[in-house]
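Below is one structure, written out as structure tokens; comments come after it.
First chain written, first letter: the chains are A, B, C, D, E and F, and each begins at residue 1.
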Amino acid sequence: MNRYPAPEIKDLPEDIRTKVLEVQEKAGFVPNVFLMLARRPAEWRAFFAYHDALMLRAESSLTKGEREMIITATSAANQCLYCVVAHGALLRIYEKKPLLADQVATNYRKADITPRQRAMLDFAMKVCLDSHMVEDADFAALHAHGFDDEDIWDIAGITAFFGLSNRMANVSSMMPNPEFYLLGRVPKSK
Amino acid sequence: MNRYPAPEIKDLPEDIRTKVLEVQEKAGFVPNVFLMLARRPAEWRAFFAYHDALMLRAESSLTKGEREMIITATSAANQCLYCVVAHGALLRIYEKKPLLADQVATNYRKADITPRQRAMLDFAMKVCLDSHMVEDADFAALHAHGFDDEDIWDIAGITAFFGLSNRMANVSSMMPNPEFYLLGRVPKSK
Amino acid sequence: MNRYPAPEIKDLPEDIRTKVLEVQEKAGFVPNVFLMLARRPAEWRAFFAYHDALMLRAESSLTKGEREMIITATSAANQCLYCVVAHGALLRIYEKKPLLADQVATNYRKADITPRQRAMLDFAMKVCLDSHMVEDADFAALHAHGFDDEDIWDIAGITAFFGLSNRMANVSSMMPNPEFYLLGRVPKSK
Amino acid sequence: MNRYPAPEIKDLPEDIRTKVLEVQEKAGFVPNVFLMLARRPAEWRAFFAYHDALMLRAESSLTKGEREMIITATSAANQCLYCVVAHGALLRIYEKKPLLADQVATNYRKADITPRQRAMLDFAMKVCLDSHMVEDADFAALHAHGFDDEDIWDIAGITAFFGLSNRMANVSSMMPNPEFYLLGRVPKSK
Amino acid sequence: MNRYPAPEIKDLPEDIRTKVLEVQEKAGFVPNVFLMLARRPAEWRAFFAYHDALMLRAESSLTKGEREMIITATSAANQCLYCVVAHGALLRIYEKKPLLADQVATNYRKADITPRQRAMLDFAMKVCLDSHMVEDADFAALHAHGFDDEDIWDIAGITAFFGLSNRMANVSSMMPNPEFYLLGRVPKSK
Amino acid sequence: MNRYPAPEIKDLPEDIRTKVLEVQEKAGFVPNVFLMLARRPAEWRAFFAYHDALMLRAESSLTKGEREMIITATSAANQCLYCVVAHGALLRIYEKKPLLADQVATNYRKADITPRQRAMLDFAMKVCLDSHMVEDADFAALHAHGFDDEDIWDIAGITAFFGLSNRMANVSSMMPNPEFYLLGRVPKSK
């Protein structure tokens, strides 16, 4: 269903192939985004550099699970199948809650999360849908939950970056790998 | 998280208890909707009579899977967690496609369905969101895919009925049973 | 203009015909909804059972007029001609206010109602248009006006049920009987 | 309920008082808009000059009833109680159709009008809600129904002018005179 | 690109020609709106009478710059190229701030204005987009910033009048004179 | 007004400082985005790598001006002051049309562009606002104007990337440098 052909691993530039093989080694499969974007190596490199800068940022006080919550909620608002399925899987895994991703994707207001996380998602959704209306009051509301301005930058940055990703996936009709759908749902043997 | 207490099975009126126990026997658990609505027996009886009239209608040319597609897609538009999770499970089971429910719920335009089913969901979404704009042209588009006026009534009726259900679930904050989340995802042993 | 042919009274199943004739006796005419839905007797029975469970509920603290306010306001939001005209008529009659239905249908914020009724309609409109956003704060706002949780269930139930009705009327292009338009407008002799 | 006090007739400037008394003579009452806007005579004069330029334009090929259709449909979209009730009354009178105003106000797609009038209202609604998207194709669609560019200017002008009126009525909470509600509904004696 | 031909100055009625020549004398060019609307003299006269009643009102406590802020912000919401460019120019000139018009047109929440002016624009935008929801609380918010009810009428009137203007400009595809684009941007020699 | 302090040039990492000084040399000032994002060097590097991959792509058949049109139109839809002003300036310069940026930002349907560019912007706006609805028909419409799939990727990529940029600018309240406002407006001496 993809609208653009993905390159084959063997044809990738050296640096990209190395990274792709590493991911394959670790995950057991190559998530489609790694191949799809590789048809334009310069964009691929920038995309994953940006991704890593936000998602692997050591100083961030957001947990890995919280970052995936943001991605899952805002990708659902953008109706991006790839990101909802792939990052929903990561959300289940990091939070060790098999039901959480479906809750966050369908209506995060019903999800089994803390009030602090709820405030985080309220803000992420505003950045996703109405960033022009972000005001000082939004910052104050997050401060009241213990988020500082760097945390807020993280929330905004993750939302903004995956908004880019959602649009590219929607336009290219990138489909999630079948493996993602079940990840983190079956507690043990998986 | 439910905003209204559910009655216990032993306290239910005879006819409702009988039906609830039958469902429990068959499914292995009692879907929460059967208990939640039972706090008002007259509404319970009407709700399930309506449900059965639409969903068990023998003459309908919509398959069981197609009816669940309609419910899953429109419940996602209404952000109803209960119905997306519960009817997504039934959709996976009837269609024997473990990935389909997540696709239909997130963005039915990306789902692995036929063009006929796509037209069916386009119409269901219009009934769900903009029923006042339904026109003869919508009927013509469905006729072109082989749907007749009774099929169109079925699509509209299912959409309208679950719109009711979505609103009651959202207001009462009815949560899906944990069992639903995994149904139809794991092919064999389940 | 109806998109579906309505059955004739003489061809209706016994129980439905009895009810229809009763309504005709009382109202002086048969409201079209009684005939239109009768083309599918099982749905007809469930529809009116549900209707009566909500609208004739003895314990409800909502007045008859308040229930019709909810229907008129939300049906206007759904642009359902049948329900605005038919239930607007009932609203005028129950409230004995010939001007009220047009006010509630056009902009309930300008209607001659109490602050309590205004809060009731604010909530009904949220259930109608954004039920996924209903929150504890909405319940608190209604409690502050003296509504208890059963009243809130009533408001939600009536809104949700007529949302179903609105969609069926819009899709089938069911037209209100001419008699409804003038009911309750002319104070005396009518 | 008006947010601004209306002047009394005796305190009006001569030219305005004369016109108001004329209207009272003809209609049997003074429509509130004539008093409310008179608190600012210069605006009153410009308002009614504009009104008359559009509504009494001799060369227009739009009938009086068609002009009132436009006002009723677009005022309903703007949820302006005053204009829906007052101009709905005029619509009933000019078209001699007691049911038409409620149809046009609730959902003009269900109204008893010609396809040409339907196209006229589709365009008026676009001017009302999305004038920035008006395109040559909209002109072509109207030409196909026999409207020329002057007719289109009339449709746009009436929509735009009553959009102004709707906003002033909504902000000032101007209420329609009770007399309007029944005008044109009772065929004979009125 | 105009969809309607504009008359030539020499063919205008005497009173209109006089005014047009005055404007030309003062501004150095004839703003297109003066010619475009002149194709219908009665509408032209009413339009400018209304314009002057609001914009030249001596008693108003709104500054000239504030009135242009309202026009620029709401015309941007209506995506009216003519008014954004023409009144943006006047805004720059009156406020002596070459950057202000682009700020107000793009996102007035980021503009270099006072909190009082921000409240004024919040209200103007509500009148522009959702006048049916204007409530007493909106009046209270403006009173808190020192606006009285006459000021509020001014804000509403200017918004409503230019909403009319925006729609006529959008439908007729009236283009702003090239001269406007640069006015007030270059501080001195202009 | 910025919500986050920008670092000083002297404190920047070597590679970033070099680039910033280059830009300053070329432009005569440092656009704020170069400093604001530099508070997080890893994000800065990824951001500009992505920017350059899209905007400096040698093989692209989109002209420089066309790329800036996309940015200006979609940033206006996202109400991002920084990008509308900064990229509007570049649009004026590349296209040598002093009026174009205001047209594209206010209502691109009125802009002085080719039908091909209009189709390009229609698609960019869909990617910006409704990427989940992008369909094969959108690709066909662009192919009809001579765009191939790589061009479509470019349009989508630029829209998606600046959607990220718009959100970061809106959240951080990043203000455009005053220099941008006038660039490309005054034909000669600049």
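One rule holds for everything that comes next: contacts are C-beta pairs under 8 Å (C-beta built on N, C-alpha and C of every residue); 3 or more make two chains touch, one makes a residue touch a chain.
All figures in this text were calculated on a predicted structure; none of them were measured in a lab.
Under the contact definition stated at the top, the chains bordering both chain B and chain E are A, C, D, F. The chains in contact with chain A and with chain D alike are B, C, E, F.
Rotation angle relating chain A to chain C: 120°, from a CA superposition, given to the nearest 5. Interface residue usage between chain C and chain D, two copies of one sequence, is largely shared: over half of the residue numbers at the contact are used by both copies. Averaging Cα coordinates per chain places chain B and chain D 44 Å apart. Rounded to a whole number, the gap between the C-alpha centres of chain A and chain B is 29 angstrom.
Distance between chain centres (mean CA atoms), chain D to chain E: 24 Å.
Contacts with at least two other chains are made by residues 79-80, 107, 132, 170 of chain B. Interfaces, counted as pairs of touching chains, are A-B, A-C, A-E, A-F, B-C, B-D, B-F, C-D, C-E, D-E, D-F, E-F. Touching chain E in their complex are the following residues of chain C: 107, 109. Remark: chain C residues 3-4, 40, 42-43, 45-47, 49-50, 52-54, 57, 78-80, 127-128, 131-132, 134, 136, 139, 149, 152-153, 156-157, 159-161, 163-168, 170-172 touch chain B in the complex. Those residues of chain B lying in contact with chain A across their complex are 1, 76, 79-81, 84-85, 98-99, 102-103, 105-107, 110, 170, 173, 175, 178, 181-182, 185-186. Taken together, the chain F residues at the contact with chain B in this complex read 132-133, 135.
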